[in-house]
Amino acid sequence: MGDVTKLIARRLVYGALTLLVVSILIFFAVELLPGDIAQAVLGQGATKETVAALREQMGLDQPAPVRYLHWLAGAVHGDFGVSLISGDRVSAVIGPRFLNTLFLASYAAVIAVPFAITLGILVALLRNSIFDRVANVVTLTAISSPEFFLGYILILFFAVKTSAFPAIASIGSHMSFGDLLYRSFLPALTLVLVVTAHMMRMTRAAIISLLASPYIEMARLKGVSPWRVIVRHALPNAWAPIINVVALNLAYLITGVVLVEVVFVYPGIGQLLVDAVSKRDFPIVQACCLIFAATFILLNLAADVGAILTNPRLRHPK
Amino acid sequence: MAKNKDVLLRIRDLRIEAQTDDEWQEIVHGVNLTLHRGEVLGLIGESGAGKSTIGLAAMGFARDGCRISGGSVEFDGMELTTSSPSALRALRGSRIAYVAQSAAASFNPAHKIIDQHVEAPVMYRIRKRAEAQEDAMQLYERLRLPNPQEIGFRYPHQVSGGQLQRAMTAMAMACRPDLIIFDEPTTALDVTTQIEVLAAIRDIVDQFDTAAIYITHDLAVVAQMADRIKVLLKGEEIEEASTEKMLEDPQEDYTRSLWAVRSFERQQKPRPDDGTKPVVSVQDIDAAYGDTKVLEDVSFDIYPGMTVAVVGESGSGKSTTARCITGLLPPAKGRILFDGTEMPPAFRQRSKDQLRQVQMIYQMADTALNPRLRIGEIIGRPARFYGGLRGVKLKNRVDELLGLIELEPSKFYSRFPPELSGGQKQRIGIARALAAEPRFIICDEVTSALDQLVAEGILKLLDRLQKELGLAYMFITHDLATVRAIADEVVVMQRGRVVEQGPKDEMFQPPHHPYTDLLLSSVPEMDPNWLTALLEERGVDNVGEAAKV
Amino acid sequence: MSHFVLGYFAVLIAASCLAAYFGRRPVFMLLFVLTLASALAGLFGGVPALRFLTGAAAVLALAAGISYAFREFLAIVFGGEAERELKNAPLTAIFGLFVIAVYAIAAVFAPIIAPFGQAEVVSSAFAPADAHMLLGADQLGRDMFSRIIFGARNSVGIALMATLLAFFFGALGGLIAAVRGGVIDTLIGRIADVIMSVPSLIFSLLMLSIFGTSIVVIVIVVAVIYSPRVFRLTRAVAGNIVVMDYIEAARLRGEGDWYLIRREILPNATAPLVAEFGLEFCFVFLLISGLSFLGLGIQPPTADWGSMVRENATLISFGELTPLIPAAAIALLTVAVNFVVDWMLWRSSGLKE
């Protein structure tokens, strides 16, 4: 097992380093702001006193590296400072919204992952049939459509024309779980549509390249039934690509979630980020970016570690 | 050998089509074949002859993108071309088994060897799992695999290529089939390993009186294995006869031309004794990839107008030596002299003229020529780069070079490499090397990817060019027939060291270094009794150990 | 049951039977599955669902018809080798080409085609469609149709610029990394890794919040975000080429890096790179549209499809289709490019998988 442990350790260290570099990037990007941050935030009309007060509040009198270390230390404890606009603690604003976003993403993932992988395998087995071609066109169309297009179409059909589901996904902590599911159904469905299409195509490609291996032909020449070829000979080797597909698409969900939250006015972290960007509320922007990036890096990390763990050549070294 | 005369497999007028660009093209044009119980039939032909396709069709199987379009395949009274998929499945693995070319790729990396071995017998309820495992170990022992009790519990990537190939033969035997298809089972192996596998296969086929179709492109190999031989060319059968008759008295021109290939042999030239300095002198070279040492104290000289063959199996360091000479891999120790002066170790430090003097011809002509450049530019570039030729002069030079390699200039000048045959591509590779007007050319397995007839043409061409232009060659090869044909001196390498070197005629006469001996004696000969004789000489049980010298 | 429903199923079943009779198994399977699916849809969605399916089928048939005719047209215009290629091309790819051609014409001749200027207020807010205004007016009373035509110029133009820039940096980096190897390769690779470890939308939001939302900033930011993806692909493609013996031969000849890139690598990398350009364009186009939709991309009064969706979104709640038209325009172009790319990839792979 020595090799595997070493590989995983190396991958973990690399992931941590990447996260560190990204945090530096996010923090110092704001430093690139032309001119004085406080001035930029308050605009030209601000008085000298208010600018000075803001500078004081942001700790701008200290050198940037020191402020970065403070910020990073805070971030590790979940403290991202205070909002420049409202003066609320960033962590207090983000906390519940982050949970909402997580809820929406997991809602979509729980439906999309099994659905897409089953369909992807099915389409790979039926490759070159008419169903494969139809699936190809349909998934390509779904991938090509912007999330807000799919979102509005769903609103039009399910909220406006039939009023089966609410167009605005206003949720709160007091609601029952069933109610939450019902109210956030349309945003989740939008995400499911896009992610399923991506995942199906990637699963199909992975399975097809696997089915072309000589050992699959060998299994068929041993008289193994098609079903058993898949389950016993293809699947054990398919975990790495499938894990990869899932992780990549979950990572994709994070980006998709921003647009979908705006379309459905869903109280999540994505909408918060968009608001903060237009108001130039940098502490919130930085915090949101760090959270999104960290999730993204973590998922990619999980994919790589999963691929290492399921590789028989690495699991059973010489 | 008394063979039971029941017909086991009868193929009549078999036609197979392959799909290219939405069109079906016939690639096997009406082949007939009859195989009796316990009989071994050799299918022989060059690449593209359709051997593997026919072998698979004997199992009622066509690869994706292929289909059996006509004729009949009758196995033990059952028509396979019209059988249902489930009926065919019931046959495969149990009554007809398959041994693939690359065992390393054909074993599933996710399961232990023995689990894959017992899959078919357990599935067909021929044996219980424990019995099947016991049987597997006995087969491993019979095939002389090391640690037969334990080797099955390893994963495929933990076992060497030659052992895997034997394990795959054992797996094919698991259900004691009536027929086994061997699809080039030793092509990917070194000669010394090949012997073990050949002996094992022949042994087990004899013991269980299994019928077999043995597919290969190597005549000498098939002569050891088959009772009868069938010669194929481009999906058509040329002729068929018993092995002895086929070797002694082939009827067709094509077959005779195959046999004739090994006749080319050049007189050995002695070293010049007038104090001429060697063109290339390799002196005490060590080299390593990272921490792995791959060359140790390699030294040899190459004199003008002479051919030095560097012989060894994969991993012996012969290609690495070439990389050191060209400067792609600067040696860790030692010097390389060109015409008596030391060359900088890395090619980037060498002068344009030093680079010009050492040229290389590659094994795979496909990857050695840029598929998107016209022949005229491929050959013209060195002439332009080194000689500064332009315009009409350049065109004339390219025409001259094309003439040298016996290709019609007007026909080839503006074509692209993918439009050429393998032999033509290799000739272009030679012309590109010549365009630099070098004094020394490294030929890296230049004939091993070619069909034998074409390879012979290339060897003759290289020989003629050497005489006309006074070139020195370093010939990297694992094929002793090539060495016999073209070398003046031989360097034998094993595991990064030179184990023996000297003039060719001496090298083919005993006494030898034990490894040279093993290498020489392992090369299959046309004589159908060669393998039997060799095994008797070595003592059958020592086959495995002999390779480990 | 209405006559429509009866007719609907009669047509489907008759078509299935015909397909079965003439031995067109794939067609039969498709039609029959469609029949079964329609039965289900009818059960749950009633007549409107069936009408919707009919409409969708009619649109598909129209698209197929246009593509078929366009293929013949192209084949006749180009002739020769291209004719054979085109005849083998799937209808989807031809449809893609057709759509791209239409967009290109709209973008180039926008001022001539559009009846009004893109910022011209010609009517009251949300005025319905009439003889002058094909699609009605937007929230400020500007002509929707004109704005969509101009949008082809603005939205596509900016995305194209950003893609070109991303491609220039990414491909150059990839080629240099592949040829040079060693430290340069590792360094560029690490930089790309870092940029790619932040989701693209998030990264662009961060950058736009800092540098503002001018077109130059958008183009540069998007190019920076996407060049690592181009870099990775180019590096991979070129990486497969550099190990070829002909590259080794050229190196041993003493050729410089620039010659290697220009004559030996690029000619062999064009097919995957062109396909990648199409794919990257789709990603860039969707990202910029997304930013515009969030109000952080191309700024008014420049007509842009993403912003138009946002500005007119309120109309959706009245069951109006108008805000969906610019969104559909985005989707249609991306679909079209993807169809063409799909065809190119399939052709260059040379496999029938």
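Read from first to last, the chains carry the letters A, B and C; within each, the first residue is number 1.
Criterion: a contact is a pair of C-beta atoms (placed from the backbone, for glycine too) under 8 Å apart; a residue touches a chain by one contact, two chains touch by 3 or more.
Treat the numbers as computed from the prediction; the structure is a model and nothing was measured.
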Building nodes from the protein chains and edges from chain pairs that touch, which of line, ring, star, complete or other describes the result? complete
Weigh A-B against A-C on C-beta contact pairs and write down the one with more. A-C
Can you give the whole-Å distance between the Cα centres of subunit B and subunit C? 48
When the C-alpha atoms of subunit A and subunit B are each averaged to a single point, how far apart are the two points in Å? 50
Taking each chain's centre as the mean of its CA atoms, subunit A sits from subunit C at a distance in Å of 23
So subunit C residues touching two or more other chains come to 352
Set of subunit A residues in contact with two or more other chains: 212
In the complex of these two chains, what residues of subunit B are touching subunit A? 56, 59, 61, 63-64, 88-94, 97-98, 100, 102, 105-111, 119-120, 123-124, 154-155, 157-158
So, in the complex, the side of subunit B touching subunit C is made of residues 19, 21-22, 65, 326-328, 347, 350, 352, 355-356, 358, 360, 362, 364, 367-373, 381-382, 385-386, 432, 436
Note: in the complex, subunit C contacts subunit B through residues 88, 244-246, 248-255, 263-264, 267-268, 352
Could you pull out which subunit C residues touch subunit A in their complex? 26-27, 29-30, 33, 92, 193-194, 197-203, 205-211, 282, 286, 289-290, 293-296, 306, 309, 313, 316-319, 321, 323-324, 327-328, 330-331, 334-335, 337-339, 342, 352-353
Hey, which residues of subunit A end up touching subunit B in the complex? 212-215, 217-225, 228, 232-233, 236-237, 312-313, 316, 318
